[in-house]
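Both complexes below contain chain A, partnered by chain B and then by chain C.
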Partner chain A sequence: MIVPPRKRFGPLLLIAPAAILLGVFLVLPYLNIVVMSFRMPGQGTPYGPGFTLGNYGKFFSDFFYIQQVINTLWIGFLTTFICLVLGYPVAWQLARGASTFRALGYALVLSPLLVGIVIRSYGWTILLGNNGIINRTLTGWGLIDGPLPLMYNALGIIIALVHVFLPFMILPIMSAIQGIDPSLEAAARSLGASKVTSFRRITLPLSLPGIQAGCILVFVLSLSAYVTPSLIGGLRVKTMAVTVVDALIDTFQWPFGSALALMLSVTGAIFVVIFGRLTVMKWKA
Partner chain B sequence: MTEVSIEKLTKDYGQGPAVNSISIRIAEGEFISLLGPSGCGKTTTLKMIAGFEDATEGAIRFDGRDVVHVPVEKRDIGMVFQNYALFPHMTVEKNLAFGLEMRKLPKGEIRTRIAKVLDMVQLTGYSERYPRQLSGGQQQRVALARALVIEPKILLLDEPLANLDAKLREEMRVFIRDLQRRVGITTVYVTHDQAEAMTMSDRVVVMFGGRIAQIGTPSDIYERPANLEVAEFVGQVNIIRGKVGNRVVSTAFGDVPVSGDFADGAELMLALRPEAVELLPINSGSTGAPAKVLSSYYSGSLVDYRLELATGAVVNVQTFPRTRFADGEQVLVHAPSDRFWPLGTVA
Partner chain C sequence: MSKPFFTVYCLIIYAFLLAPIAVVVIASFNAGAFLTFPPQGLSFRWYLVFFNNEVFMRAIRTSLWIATLTMVISGIIGTMAAMFYVTHAGKLKETVRVAMLAPLLLPEVLTAISLLFFVYSVGLGTQNLVGMIVGHVLITLPFVFINVSASMESYDPAWSLAAQSLGAGRFTRFRRIMLPLIKPGVIGGCLFAFIISFDVFTISFMLKGVGMSTLPIQLFDYLRTNFTPEAAAVSTCSIVLTMAVVVISEKVLGLRIHRF
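What follows is the complex of A and B.
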């Protein structure tokens, strides 16, 4: 088939601005990181002459770093899972509930994103610290003897991450549920299914695309979160993102930091692909 | 087979009744249509029969047993939705199996019943397809099969043909009607399309503003409408006015005898269907009122004329195109007096 030239380049022109932006500010820096990860460590310079596999060797030979990747993945899994469990009912309510509270509901869901990241994390220290509101209240009531370890550990990081990433779980699930024709549930009821069965066999599987999108978003965001883990995890619990920044800025090891960053990206991507394969939807065109 | 009896059924959402104390008795195996414009309460009535809406007042009995407080899933109904409502994530087979699994039938029985119903709707061989891989008409047949395979007490259809194109709609009318007769299931069919209601139903329930205007066979509704609203909703109609005197109405068409209690001197409205009027050449020597052709619309099998009578009244006439009359031509119009139907006095 002969396509007029103008038509052929039309779509390219439409995506060009976004493609250029991504190319200049994402793909090129990423390629730079890949190259950097094979550079020799430098003495007072960002990197030395020549190339090496040593940066990766250092990663695989030191269990400390592997353990950190595992910890970061765990924090990601738990944050994602808790967001899903807490977010799904909210998403359902927003999609199917009475319209009177919908605007208020949206505002509440989005509220964590409206607060600056540093202020938000500082707020969590006020709540979760040893001398924070929760611990003081519980001690005051005589329910606990000493302060509970709510901060400077994985628990604190997960609490804070769930709080801020919840909207990224709720919004895609909500939009998926809104896209489900309510007459499907009515049809299931007419065929003899209870409300619970109709939810389990119709609504839940049909909202899977939203669950999938929400889980991937929250998981990826959790893995790469930096400010929240560094402020709430303190010096004791470090996620990979924090360690990468330490290597780049504190100890000025650009090649090794790049290798660490890539190992985090690769493991994250592997899990996203596995998750995508597990939740593949045959019925979708 | 189930007899359905609806008694003084009312639904009020708080802004006046959407369905106002309606009563219908549906015989075993009968095909009944609820016909009316949108907002007349026909869909609300269907939803109450199905159990999706609670009745504010009144009773719905299946074989004498009041089901008003029985939830949808226990009512044993088969429902076909306007948009088919096929489960998009299930194959045809899984869609059909759904209701049978809910009834906890053994696997072998489920397989036999699905094979049987697929044969009935002429979709054998389509069991592994997903709904999006089917045409509109095929989806419609799967929806019917899914409702029928559970062998429900009654079949409820909510404007099932509204989304199909004209040709397919006519095919499906015949298909659904034949299938319903073969299965012999009591059926309630909601539509705003009078042709659909007329061709398919044993009886038609015409509804306006939450009330029943008339219940009757298609010919009752068409030839003997209960009032002006029904006459105008079901097909085209000419309203002929005339004064009553001595049990005869004098009209532009001549004197029409009327039965019924109408006082002398009252002005009466008579319904006259366009196809009941005959058109004759002006010089044919027959009896009839003179009229002038204003315009004509040829549609192949029929011609629709707009005529002006000597009184200035405009009459629509539908005839076979065997004899054609030109615009502006003088003609004679004649209608047998038994084709006039009194609709009541002019208010």
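What follows is the complex of A and C.
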């Protein structure tokens, strides 16, 4: 009897469905966006026949869109920075704090991830709105006369984005700190380093990979966030992701929308690469 | 930083993380017609409005249906891929891992856009659920993969070989040896896929057909024009549902779900 070639090809059948799924529905569609960005705009259809560079020309000739990319990047930077500052101490505590506190803290950091993004953004509209809890409380206490502008602006978007993405900053930093041998810090202390020095010279540099991962994750997530900016920013402040989705869904400008999406992705990627290089240099030095 | 100060700092951050969620839950019991804080008396009024709102109920049914289908498909494909990854990938291990995690690492909005174009280019359109389910499977696949491959870490291929030498066929080996060992990972991964699919917004939003809404989409549409506590009641039910899935899997089934 002929031995079937199962032995060699059998295992490949295990990965085949996943490979086909990712190939057909992830790789091809991503390549398709690039093609789409060079297509002619259509009349009454999402796109027309033929190819053009016009979609990119429209982007570069209209300062409105460039300004919007800059705003989006700026919101991304601030969100990332605030997440880092707020998240690092929490990550440290989760990694090194008392164990009773740790399990609870870990659950508290993870639980927001289980609540849908629409609901979390909605929670912020209840808090930040002109008639929201914060403004009413402050008015009630007589601290302010009129409502503070907390929503429908970049401030509100950043507050909500920080909330949504903070766990993505805390978790990588936490695992980086967990990976540091505590005896290194103890050794530094025994050699006379102060708490601050031991943190600055030992813990912080060794946790840089976690910081890098967290920052990149949060930055990329905030550039591409759609729900939060569109619910909190309303019609007044639009980030690039909101403009892109509007261009695709509301006005059916698929080629131009693709060009916008790609321009945002490319600028975002450039900053990620620069940041990656800088941090690698830092921890080699 | 001194210790008490540090503890207080962390507590403030935890409060910050929970605040918007707690606010939604509290607001849902508001007796008044508008969102006010503190609530004007407690009532289940908005829950009744919600349960009698056919639009939201239909959206919940759609969401549950899609999440179930997604869970089954993603569970099967993800488990198979994890089995390949642990036992057969060899030199390709890192490549397989990165590829399987790719949907998680790529921006969701870009994946959603690319899928929208794609289903139109191949003539699938958004008139049926195919595009949306493909999107949900893509986005949930990494979670099944992570959980199943984590549960297989302690798996020894020798066990399977031993069973084979005793005459067990391919399927019997899977059913009697592999499956009992990886069961916690499979169940955990599937439940997590269910939750993610139930909550995911952007992919559903881009790939939804006319008159076909999942719960997050319906909620989003509602929130653009309405400010009644009904949305809070809807949100609270959704939160309770996902939390119930997690608590049941972790406390009752004793599973450890891996999210990352």
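Here, the second predicted complex is superposed on the first by the 258 of 285 C-alpha atoms of A that agree within 3 Å, B and C clash if a C-alpha of one lies under 4 Å from a C-alpha of the other, contacts with A are read in each partner's own complex, and residues count from 1 in each chain.
Here, a contact is a pair of C-beta atoms (placed from the backbone, for glycine too) under 8 Å apart; a residue touches a chain by one contact, two chains touch by 3 or more.
This one's a predicted model, so the numbers in the text were calculated from it and none came from an experiment.
Once the two complexes are overlaid through chain A, chain B and chain C fit side by side, free of any clash as defined at the top of the document. Put simply, more of the residues of chain A are touched by C, taking chain B and chain C as the two choices. Put simply, the three-chain overlay gives an angle of 90° at chain A, taking C-alpha centres for chain B and chain C and rounding to the nearest 10.
When the shared chain is aligned, chain B comes close enough to touch A:I202, but chain C does not.
Legend: residue contacts after superposition of the two complexes on their common chain; A:A186 is shown touching chain B, with no touch to chain C. Contact with chain C, but none with chain B, is seen for A:P46 once the two complexes are overlaid on the shared chain. In the superposed model, A:V227 makes contact with chain C only, not with chain B. Of the two partner chains placed around the shared chain by superposition, chain B is the only one that A:S194 touches, whereas chain C remains out of contact. Of the two partner chains placed by superposition, only chain C is touched by A:V244; chain B is not. Closest approach of chain B to chain C, taken over C-alpha atoms in the A-based superposition, is 16 Å. Looking at chain A, you'll find no residue that touches chain B in one structure and chain C in the other.
For chain A in complex with chain B, the residues that touch the partner chain are 181, 183-184, 186-194, 197, 201-202, 205-206, 281, 283, 285. Of all the residues in chain C, the ones that touch chain A in their complex are 1, 6-7, 9-10, 13-14, 16-24, 27, 34-37, 76-78, 80-81, 83-85, 87-89, 96, 99-100, 102-103, 106-111, 113-118, 120-121, 134-135, 137-138, 141, 145, 170, 195, 198-202, 205-206, 216, 219-220, 223-224, 231-232, 235, 238-239, 242-243, 246, 259-260. Residue ranges of chain A in contact with chain C, taken from their complex: 10-12, 14-15, 17-19, 21-22, 25-26, 28-30, 32-33, 36, 46, 86-87, 89-90, 93, 97, 101, 105, 108-127, 131-133, 136-137, 160, 163, 166-167, 171, 220-221, 223-227, 231, 241, 244-245, 248-249, 254, 257-258, 261, 265.
Those residues of chain B that touch chain A in the complex are listed here as 50, 52, 71-74, 76-79, 81-83, 85-90, 98-99, 102-103, 130, 132, 146-147, 150, 156.
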